[in-house]
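Next come two complexes, and both contain subunit A; in the first it sits with subunit B, in the second with subunit C.
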Partner chain A sequence: MDFAASFALIAPELLLTGAGLVLLLVAAWGGDKSARPIAIAAAAVLFGAGIMLVPGLHFGVDGPATLAFGGLIKVDSFALFAKALIYLAAIGALMIAHAFFTSAAAGTERVMRAEYPVLILFAALGMSIMVSANDFMTLYLGLELNSLSAYVLAAILRRDTRSGEAGLKYFVLGALASGILLYGMSLLYGFTGGTGFAAVRAGLTGEMGTGALFGVIFVLSGLAFKISAVPFHMWTPDVYEGAPTPVTAFFATAPKVAAVALTARVVFEVFGAQVDAWQQIVMFMALASIIFGALGAIGQENLKRLLAYSSINNVGFILLGLAVANQDGASAMLVYLFIYVAMSLGSFVALLMLRDEDGALFETFADIRGLSVTRPLIAWALLVFMFSLAGIPPLLGFYAKFVIFQATVEAGLVAFGAIAIAASVIGAFYYIKFVKVMFFDEPAGVVTGKSGAAHWVLLALTAAIVSPLGYLLTPSLTDLADKAAASLFFVP
Partner chain B sequence: MIQAIAFYFFATIVVASAVMVIMAKNPVHSVLWLIMTFFNAAGLMVLVGAEFIAMLLVIVYVGAVAVLFLFVVMMLDIDFAEMRAGFSRNAPLGLVIAAILLAELLLAVGAYNAGGIQLGSADGSAMQAADTSNIEAIGALLYGRYIVLFEIAGIILLVAMIGAIVLTFQPPKPGARARQDVGKQVRRRPEDATVMKNPEIGQGVEL
Partner chain C sequence: MEGLPILSLMMLVPLAGALACLFAGANAARWIALGATLVTFVLGVVLWSNYQIGGPQWQFTERAELFAGFSWALGIDGIALMLIMLSVFLMPVCILASWDSVKKRVGEYLAAFLVMETLMIGTFAAQDLFLFYVFFEAGLIPMYLIIGVWGGDNRIYASYKFFLYTLFGSVLMLIAMFWMVAEAGTSDIPTLMQYGFPPAAQTWLWLAFFASFAVKVPMWPFHTWLPDAHVQAPTAGSVILAGVLLKLGGYGFIRFSLPMFPEASAQFAWLVFTLSMIAVVYTSLVALVQSDMKKLIAYSSVAHMAIVTVGLFAFNVQGLEGAMIVMLSHGLVSAALFLCVGVIYDRLHTREIARYGGLAINMPYYALFFLLFTMASIGLPGTSGFVGEFLSLAGIYQTSSLVALVCTTGIILGAAYMLYLYRRVAFGGQVNEDAAAMRDISVREWAMMAPIAASVLWMGVYPESFLAPMRADIAVLDARLAAAAPAGDAALAAGAPRAEAANALPEHASAKEGAH
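Then we have the complex of A and B:
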């Protein structure tokens, strides 16, 4: 095993680890006063780690040269693509945090904990290990590092009972899901005699026994929990509602990307020889998520709960790309993932910018009535995001759904595509309701509260990506996604 | 021969003390029986030549269970006076258990020196004994091939620690509780703090 080459491959992770440890010391001595400089430093480090990914992303890397530490870690184009998205989403979560935690919205404490950026850094580290896992042990450790940071982040407002409840629920259910995943992995290890993805794949070729099938199902169930796909989605609305809004924005973006990328890698690289075994499971989860995500959102009054159901719905579309089980489907899935991150982050930033004069956040439909009169810019931005999430044509959300449906139809799964399209029409109802409440209802209270430059920059950036301008990005985005998907299907 | 005797001895005690864990009325006794179970399981591990796992069982489980024991004692409403009164009554039982543990220790060392038990494998043939000790083998794997996983596990534990502190630590409010200054306390003289008064009868004092 060549340690120098291995360390060179995981250089971004090493940077994140080192920076996390140093910033932790700064946090320990500086106290909460140093939270803002630490957050800026953490964002800079994430950006730096992202820059390191660029050459590999640009030229596309796959093959044996991407294996580090004797095959425990694999840093191919697919991993790089997912990592770039994760780092960007984490930077977003750092940019919007300070204004929230120091306002009245954060309850009685009104101070940003210095550990928040450090935990975001470690969560990003865990996610980047997840997406470059090439062994079940690496997978599990990355997943736990990410989850453990996420539990703490959900409960970080400890005087707020809702935040504590969210953290506890997430922790208990997450631990259960980890147990299920671990059980599945131990079954696969028992029936194939290896923990490396290549070894398990070799052991799963040919006729598959019942025990190994159980392993496949348990692993998929554990992963489905992490991406909040139906029928393992119950925790999502509660956790999204209770967690502080910047943390919710983080949960809806980066860990989703990581878990979806991980699922894609597991189904293609480990269960690749048993497509029939997993395809119907993933297809069921995809359609069920699309339908339940759409139906569940209809009755919601709380905007964060609504966005939680919206994320379940979107995960369904992402899984649909996965269920196609070919390279085009995987590429479409990555394109969707990128656009989903932009839409999701944008909607949460817009929600964070809506406050009353005391600084408390607006969280229900009743609060945002007539927003087009009181805060026209934010209302228009939200309109762009909601129409894009609904998949209405000139916006980029339409393109995302289009590539997924195209891959589905080309693979001959027309019936499933038709069901998904029908369900997305149901989903359009509540996105359009959002717009109706903002533009056609009588204005409610006074919406004031200044928003920092960071919010405006993020809002403008995500709105620009989602708007028709985003089509300028699609050629290079498609190119990157194709390279990433190709590395997933690389056959030596 | 000695291995077989030791095996049945340990196995019987594991099962018996495991039964006692759930049968004992006093939770403290349950914990003690649990320690007994772990101890004997460790003995079984020594017999099959997995001395590292045996050590882990004793250090981690028995050590951790001792902490658990403390928690049980702290959380439950136990009358310590009554427990102390029962000490002389329970002493014979304690002595018997101590004697059993001592015998087991001797037996285990004897059996270990007499060579490991023959392990069967699925096809009926005996397993090959490794030529390195398993502490060495585990160390070579953990710090060589799986070093990166080992380090990630370290980061996970660090995050767990950060989490526990973030969620529970309350920084003292400034000025709420003055710090104790021992030097100042010692320097303080009686004449600084007390005044002698000789009040008129029925007048009281003005302080």
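Then we have the complex of A and C:
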């Protein structure tokens, strides 16, 4: 394969890289005044990169034609699907940032730093590489590019101690997880003699030695940290609470998509011959995430912490699709990911819109009491998101759970599915608590400030997707997810 | 009526009304809601009058493929028709019942009710398994809001309990549905009703469905959400809960559990019987000691619904028909009783029985209606309650005389707690001045009560109108169940006929001799 074809395959990444570097220079010379134009430009670049994905997504691509640079990178339908979601989520994170950073909620600085959009861009680039990795080296490269950008993003409010604490925690624990992952990779390299996914897979056929099994477990543990699956979830509530809300919204969506997609690729393509070895691990993580995500959320008063536990809970359902270990499960998982991104982005936007006159955010249940009287539109939107997260029909969140559990039962894991769905009722408790506080309690009597147009647009869009109208999307969504899942299971 | 998608139309009208209510002012919203429910009721009457008795089993069918796994399949048989009629009949009454008593966020309140109506019709008319689940489950959202926003003092607890209990029941059913669809290869309910699932699997499937329907019905010991929800809900909320939502459980048994898993149903009949017997006796006794009117009626609902489940699992035509009539009758009567409570609650704002007394003196018309519904609840001949309970108990007697014996005590206990309630509220001296000063029922309240009273008497005097549409469907169901039906202990098999009449005198030998 010549380099021209390889470069053509990674055109979106090249665009992101080039644009990221140029915008970094603009940020360096222009200072924080240029933050807004940079954010708009970054969103446009992400959108442009997204447009490049459309033909491949539409027609579905797999096979040897998707390999670039001698098999280091694989740009199949699966990678394209994940990238499209990542770019969309990143655009969302850019749209909601400006109003937040220029308000009192951002602490004493009250200015959006020009580095923010650039970092988002680089994080998106890193994730883009992650999901198209076909070699453990590429995987690690993308993962670290994403993680390093994310550590800085978490701490971007320099004067805010909570933000700094979040960044530090994220960094220390993230570095630990990267170390675990690297160790696993080195074990696999030692026992199979390669770093390419195909080579490792070839080395893992037949009876698997204890050393290789440890490699599998370490790799899965490192990835579990990135997707914040139980038992590697402890950092999530702290980081989500401390990080600035737009950054939290970003963390809850794009990196999660990337890490889940990466995990799926690793388990199916690398460990595909050893399903028995990892299936139990993933099943355990899925059930534990559903249960602990739900139980942990019950006592929370802080809304961002609550949504952090909710994301852990959702990761459990996503892993459920993975645990099914077949094409239907992978397709269901992708559908769930899309709907999850819409739901959590919408919830965070709604949270961002809840502010008092000075612009300081409402962060606890006590603040949003009686919201349905003071801000009915936001309250109704949140109601839609919460019932959707709880999986109540006819909202789209039900469809997400529907496809996941359908795949689980059809694969014969009936008891497993029954336990998981029963545990999901625990989660419903705190989602309806949200509704209870907004609709049943008396108003807290706080004045609420205005929200920006970008927030309203994003809220309306995500709410429309999550509402029953979103079912209109499901045929094409299912089609795309099926193609993506098929490319994951492509056997040459 | 060929080609007109009347079922979709019946669901569209309330939905459109709900949207209009959301954006209308309080008074306009009331009229919009009343209009929408009345139009739906008229459509319901059209539906009933066009239903061909003895025609095809599934009528008014509509079918359109939607998206992966879902299809818009509607259609009704006689059983669904009757329950849809019950829903659309009670809906305008609910709107009237909340005309004055609901003052805050009227538009949203009425919108929630209209959405409920759409969902209830959808649940009864759905012919696709997953479509049924969507409608069945979506009702949680408006009902949660109705109890939580407009309910009484302890509404939060009640709304949580209602939501989580019912959700927990339903999700297990969803897993069973996935399994069934994977096994049978279709989500079409009429096909599944004829499908023979392996008996070993039926056990699990039956239990999963039972988890959902037993909570909805509700059967003892899953009933504890009901008194809380009823007591805290606004009057119209209680009406719709008791009138229609509880029937979803019974409908589920007759539509899913019995025809789809006949062997498992027979296998678990003892479980249903045991729980029902306990429910009849225990909840009746509990009702006897209540000091809160709504709670008393809520407990009586549990007892009445136990008669329904007993009738359903009697595995014979009388039992099934009786269960259906009890459902319809209880839908009317308990709704009316909650309305009766609502009428005096609106005036005095308390449900304490002791705060009332002697209402027959200052509210004679009210007392008259209350008496009629009390008698119907007891099951006095001439009212709808008698027909249903008699048939149910006659049905169960063929299967088990013990169950029939225990369940019949429910009627005696029912008479005890209902008459005791009535005596304390309507008879006796006027102990409280404010209660004695209450006005008699208004024109609006007449309009709520009179149609229900007429229906109760109609069903009591000429139940054939209601039984005729269901007869063929119940016969089909009975035929399907016949193979699995457990042997009854009543030994009703007719022996060989005697040679002569029972009172024929034996011929005397002497007489013969005398002929010589």
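Everything below uses one rule, namely that the second predicted complex is superposed on the first by the 490 of 492 C-alpha atoms of A that agree within 3 Å, B and C clash if a C-alpha of one lies under 4 Å from a C-alpha of the other, contacts with A are read in each partner's own complex, and residues count from 1 in each chain.
Keep this in mind: a residue touches a chain if its C-beta (ideal position, glycine included) is under 8 Å from a C-beta of that chain, and two chains touch if they have at least 3 such contacts.
Owing to the predicted nature of the structure, the values given are computational and were not obtained by experimental measurement.
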Message: So in the superposed three-chain picture, is A:406 touching just subunit B, just subunit C, both, or none of them (first/second/both/neither)?
response: second
Message: Which partner chains sit in contact with A:144 here, subunit B, subunit C, both or neither? Use first/second/both/neither.
response: first
Task: Applying the touch criterion given at the start, work out whether A:73 contacts subunit B, subunit C, both or neither, answering first, second, both or neither.
output: first
Message: Just checking: does A:392 make contact with subunit B only, subunit C only, both, or neither of them? Give me first, second, both or neither.
response: second
- request: Please indicate which partner A:24 is in contact with in the superposed arrangement: first for subunit B, second for subunit C, both, or neither.
  value: first
Query: Which parts of subunit A are touched by subunit B and by subunit C alike?
result: none
- request: Mind listing the subunit B positions that touch subunit A in their complex?
  value: 145-149, 152-153, 155-156, 158-160, 162-163, 165-167, 171
Field: In the complex with subunit A, residue positions of subunit C that touch it
entry: 66-70, 130, 133-135, 137-138, 140-141, 144-145, 148-149, 155-156, 159-160, 163-164, 167-168, 171-172, 174-175, 178-179, 182, 208
Message: Per the contact definition, I'd like the list of subunit A residues that touch subunit C in the complex.
response: 387, 392-394, 398, 402-403, 405-406, 408-410, 414, 417-418, 421-422, 424-425, 428-429, 432, 435-436, 439-440, 471, 474-475, 478
Message: Give the list of subunit A residues in touch with subunit B in this complex.
response: 1, 6, 10, 17, 20, 24, 31, 68-70, 72-73, 113, 115, 118-119, 122, 125, 129, 137-138, 141-142, 144-145, 148-149, 151-152, 155-156, 158, 167
